[in-house]
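Take a look at the structure set out below.
For reference, chains read A, B, C, D, E and F in written order, and residue numbers begin at 1 within each chain.
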Amino acid sequence: MTTAPNSSLSAAPRRADGRAPDELRSITITRGWSTQAEGSALIEFGGTKVLCTASLTAGVPRWLKGEGKGWVTAEYAMLPRATNTRNARESVKGKLGGRTHEISRLIGRSLRSIIDTKALGENTIVLDCDVLQADGGTRTAAITGAYVALADALAWAKENKLVARNAEPLLDTVAAVSVGIIDGVPMLDLPYVEDVRAETDMNVVVTGSGKFVEVQGTAEGAPFDRAELDALLDLALHGTSQLAEIQRRTLAGQ
Amino acid sequence: MTTAPNSSLSAAPRRADGRAPDELRSITITRGWSTQAEGSALIEFGGTKVLCTASLTAGVPRWLKGEGKGWVTAEYAMLPRATNTRNARESVKGKLGGRTHEISRLIGRSLRSIIDTKALGENTIVLDCDVLQADGGTRTAAITGAYVALADALAWAKENKLVARNAEPLLDTVAAVSVGIIDGVPMLDLPYVEDVRAETDMNVVVTGSGKFVEVQGTAEGAPFDRAELDALLDLALHGTSQLAEIQRRTLAGQ
Amino acid sequence: MTTAPNSSLSAAPRRADGRAPDELRSITITRGWSTQAEGSALIEFGGTKVLCTASLTAGVPRWLKGEGKGWVTAEYAMLPRATNTRNARESVKGKLGGRTHEISRLIGRSLRSIIDTKALGENTIVLDCDVLQADGGTRTAAITGAYVALADALAWAKENKLVARNAEPLLDTVAAVSVGIIDGVPMLDLPYVEDVRAETDMNVVVTGSGKFVEVQGTAEGAPFDRAELDALLDLALHGTSQLAEIQRRTLAGQ
Amino acid sequence: MTTAPNSSLSAAPRRADGRAPDELRSITITRGWSTQAEGSALIEFGGTKVLCTASLTAGVPRWLKGEGKGWVTAEYAMLPRATNTRNARESVKGKLGGRTHEISRLIGRSLRSIIDTKALGENTIVLDCDVLQADGGTRTAAITGAYVALADALAWAKENKLVARNAEPLLDTVAAVSVGIIDGVPMLDLPYVEDVRAETDMNVVVTGSGKFVEVQGTAEGAPFDRAELDALLDLALHGTSQLAEIQRRTLAGQ
Amino acid sequence: MTTAPNSSLSAAPRRADGRAPDELRSITITRGWSTQAEGSALIEFGGTKVLCTASLTAGVPRWLKGEGKGWVTAEYAMLPRATNTRNARESVKGKLGGRTHEISRLIGRSLRSIIDTKALGENTIVLDCDVLQADGGTRTAAITGAYVALADALAWAKENKLVARNAEPLLDTVAAVSVGIIDGVPMLDLPYVEDVRAETDMNVVVTGSGKFVEVQGTAEGAPFDRAELDALLDLALHGTSQLAEIQRRTLAGQ
Amino acid sequence: MTTAPNSSLSAAPRRADGRAPDELRSITITRGWSTQAEGSALIEFGGTKVLCTASLTAGVPRWLKGEGKGWVTAEYAMLPRATNTRNARESVKGKLGGRTHEISRLIGRSLRSIIDTKALGENTIVLDCDVLQADGGTRTAAITGAYVALADALAWAKENKLVARNAEPLLDTVAAVSVGIIDGVPMLDLPYVEDVRAETDMNVVVTGSGKFVEVQGTAEGAPFDRAELDALLDLALHGTSQLAEIQRRTLAGQ
């Protein structure tokens, strides 16, 4: 288990939980939480808890057979009482909601962006990200935790000879964070109480080398201008570089 | 967090995990695991981990309105990688399987059996039992943990005046355990490796006062006779009395 | 068509329909009701009428291929106006209810318990049990009638060389009956008016040789003690031995 | 139970079952087969057996409230093994097929055509037509049998004062029959073996007074000309007039 | 684009839109509206606009493989705001309505009636008929337009050698029109305002050589007699012969 | 009908269709294409054709009642043969895909961003965007066209007194465009052939006053850096300002 120091880089207006605008919540990654999966991590961004498992199996879906490439996909879901009031189960409703679809697709794209599918070979990895408790930023926690599960599943695959020892399916690391503008101030890593008040809300997915994988900004209140967009991107790069360091230390067993 | 002493009442043939035939696995109940729900417990029967939450809201379903009685129901589900190989999500398949339905109904009936719905008043309690990791006995762990979540939700309801202070909706406590016959020997609390080998498999739900709420015995291999049935019932009463004691200590904060 | 004598073994308090507590309702089995299926029976337990058909086809589901074993499964359903008030069709609602799933699984397990799947060979049998009229005990009537349909389908399979002439897929016979405690008195084979009043309700599936296949007891009202459980099991064995005799006579063409 | 005399009006080429081209199969209507429904009939057109029940309840669907008019609708379904090979249940597949929808709508329109919904008052009648065994002409048997169930449900409604004693919701009687051209010869009431060979297949719904309610003709093989159409309509009127007489005798208790 | 002369053959009572009872609405067929499909037509019957595309692919469904025959099927749908008030999407409701199923099947049967599936060879054609704007007669416009799309797809298939140059899969042309009785007067090609008032409503599908493929007459109000049926059939043959001529001119590029 | 001049602001490497990198495709908006909806527009971005209708009805969903605010939502769909190969209908599959959900939500958010729901009053607007032909950029065409339909529906609402004459529900205009990097060159308004080759793909939604409503950038190939992101945003602002002008001229009837 690796925990982020509650870094405090700025001295601006304090938030409800006492953080500086550019400060992450307390980040905890419990690697190997599941004894069943090839890779797993229980990741916590403050009160948000997401269980990420990586299931690696030999073979690929029918439409990809014979191309010598692997496949990585993701499924996101939330327990019915992860939130403050209970939501009906999607399995009971008999269909997935739009939000679930959207986030599952985002996680899948994010993790695929750092995978060399040729090096992975004809193996399939399913990343399940189940939100056990939700307090804002569940999709960004899911991406950040899924990377750790994925890395461990790939290590397992090498040990078990599903992936060649000299192959390197991982091209980089990847992490994600939410940023938003609240009362005119750009802030990092929004908990639920801030998220609902944000005028603009952005989820940013960044590689360990600092390049963008996804930028998804939405004006929840008033439309935003170029300067606000730039400030949010700066903040996101600051946050994801810290998350990348936490991921590195977690996988190094530090 | 309350942990059962690894009690060892008999000296018969040891099992794969070293237990005596009439010995429970290590039982752990983490009360209040969720900060969102009115009551919650993460219960572990060895490697089986089930998150139980109790969501209590004012009001009852339409068909019960105006009768002055409350309603208690349950939903059971399993994360896709709770098991050794991944199962497709029921939300993705778009329908609940028969096993899920069956267990949800069992949990609901079991908890309703110890509730005085008049004393509960027109309130609804939904018990969500989500299996985070599965190693046999998930439905019995779910019932046992759901009782703790339910008791805490009812305490919350009294504090918040949804239930009158002098009302007592809880008539008794309830716990459940699996028993089975393996190689001719009746055994208590079966992990997955034993469950698949059992000739007969029985789930027994018992109140704190030692009465039966449910007896569900199935001949997986050869049909069983009356003597075998009697031996399994003895073992189940032995196990559930220990679980009742662990529940009592958990709720007493011991 | 074989009809049970309205046996009357005891002289205890009479029931609404005049039966003694340990007396079955009038049982009628019309063998070969359907001219389409390989085996069929219309079974009546008093006002409960269930049409059971056995569809036998060569081949097994994909997951069982190449193991030299057969497969037996069951589907239970109720016509919308089988009951006193009309129920919406599950086909119109677009999903199966939990009760339907649960009973289908019970019937399937019960019939599989007396089948030697190696002797059956790579053949599949689907047992459809459709309740045309419901007056309590539909699942037990379904199991008892499905046995007759199954036996005839196996005879057909031998004649048509899908099963070898010297193979014997049937290990035993199987029948089922409901028992319950009403006003403190254990009673056999409950019609609807008794079923809704029962404190405890139990469905018991028993082989022709008197061994248990399934014991499913539920406290609908107060939990039950060991003595009550024992009395119910005695009654169930008494009832299923009579049903086994009726099945035997039906198949002997008596 | 009323049975049609095997009328034999013509001496043309005999069919597989020995009938003349313009001869109905043996028609049997067992009135009141169900003890649960307000009206019911088990109707047999040769080997085709359809259980028709009429469920009458006070009140109308929301969209019809306050207009002083009643509502009549129908649902058609087939048991999985009604046919020679088993079909998957629509409840298991989770959706109704086009054929089921189409026939349910046809039955509903046909029965509504002879109902005065003002005289019916704000009552709803659901006609369930479940095919227990299928040998061609199931939709026409369903309409013919549903009329008998409907008439009895209306008699029940008068006795129970849901419909005023002097109101007359029934404007006429209604019956249906299939006709088709086989090897160039127009034939009445096709069983399955003829239905699959027919070049043109027509279902005709006719009132007791000999007017058309529905004419549904389909060229299964070659398109048909006006003369063929006329011959088929003649045959259909001949058949439905006989069915109307059987309905009349059945309801008269003859 | 080919437009019908607003033919005016009779001088009877004028309709709301000024047409004679036996007069078609203005008919427009825009051939090749879609640049994606192998064949396409946007067909307009007055205010009714249906986009018909024909998708032709090599191969047939599994159940038809190896028989040397092709397959033609159709799917009909309506945009949510094709009508005067918005209807919920069937994709959002998660199931097709009965009307959609019924019309899709009608279109499929109609087009298959003029296809020689042997000459088509093992190719599949899917005809999609999407109603962009609805003003009565959508199914008849769909059949009439689908014929044009189908003819063009077959021409494409010959050019692309999926169908042999000397093969002739088209046996005839096919068109459809609605007819109905309004205030006792038989009328041709009903717009929505007439359709809802019709006592009897009939859709008739006729080949270019004047033979019937489908005759679907329904008494919406009072049942109809043989003379009324005959008048409607006359009118339908009159209308479809004009439509056949418009189709011919459209495909001839006139 | 308003058509954009094929503006050509730069002289960089020409694309397959001859455009400059910063040049829009030919844009055509046919206002009032539907005679049924309160507002409608058929919008074309080159070969992409989307029919946008705005359905405005009095009243709001239950969860919004009594708050004096209106509701705007959107549904996006594609005809099965809008694309080069046919896709199965979502109505037939029985569920919406993730992509459909995602785009519907994006369109809804985009249009809501320029609506003053208080000024709209308790009215609901559903924007249906159905892709009749797809050649890249369908979601951006949908947003741009939906704005025109929305504006006309609001004008209608004023005329029909559902919205007060002095209320102004429209806060601004909104349009959207896709941008991407192909072979290292940032390009505007990608057709399908470019879209599949893009390393980075971004959809940008911008108000008439030049502020961002949505920025959704995805690295389809290699992750992108800050400079690339900036170049894409510049291009998007350039394109959306032109689209805003076309919208303005269309609504002015120029």
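Keep in mind that, in the parts below, a residue touches a chain if its C-beta (ideal position, glycine included) is under 8 Å from a C-beta of that chain, and two chains touch if they have at least 3 such contacts.
For reference, the UniProt names are A, B, C, D, E, F = Ribonuclease PH.
Being a predicted model, the structure only gives us computed values, none of them experimental.
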>> Once the contact rule is applied, which chains count as partners of both subunit A (Ribonuclease PH) and subunit C (Ribonuclease PH)?
In response: B
> Which other chains touch subunit B (Ribonuclease PH) while also touching subunit E (Ribonuclease PH)?
Replying inline: none
>> Measuring between Cα centroids, which chain is at the maximum distance from subunit D (Ribonuclease PH)?
In response: A
> Pick from D-E, E-F or C-D: which pair repeats the contacts of B-C, with over half of them the same residue pairs?
Replying inline: D-E
>> Can you work out the whole-Å distance between the CA centroids of subunit A (Ribonuclease PH) and subunit F (Ribonuclease PH)?
In response: 29
> When the centre of a chain is set as the mean of its C-alpha atoms, what distance in Å lies between subunit A (Ribonuclease PH) and subunit B (Ribonuclease PH)?
Replying inline: 33
> Whole-Å distance, subunit D (Ribonuclease PH) centre to subunit F (Ribonuclease PH) centre, using C-alpha means?
Replying inline: 52
> Where does subunit C (Ribonuclease PH) touch two or more other chains at once, residue-wise?
Replying inline: 94-96
>> Can you give me the ring order of the chains, beginning with subunit B (Ribonuclease PH) and going next to subunit C (Ribonuclease PH)?
In response: B, C, D, E, F, A
>> Applying the document's contact rule, which stretches of subunit E (Ribonuclease PH) touch subunit D (Ribonuclease PH) when the two form their complex?
In response: 95-99, 101-102, 104-105, 109, 113, 172, 202, 206-207, 209-219, 222-226, 229, 233
> Inside the complex, what are the residues of subunit E (Ribonuclease PH) that reach subunit F (Ribonuclease PH)?
Replying inline: 34-37, 40, 47, 51, 53, 55, 57, 75, 77, 79-86, 89-92, 94-96, 100, 126, 128, 130, 132-134
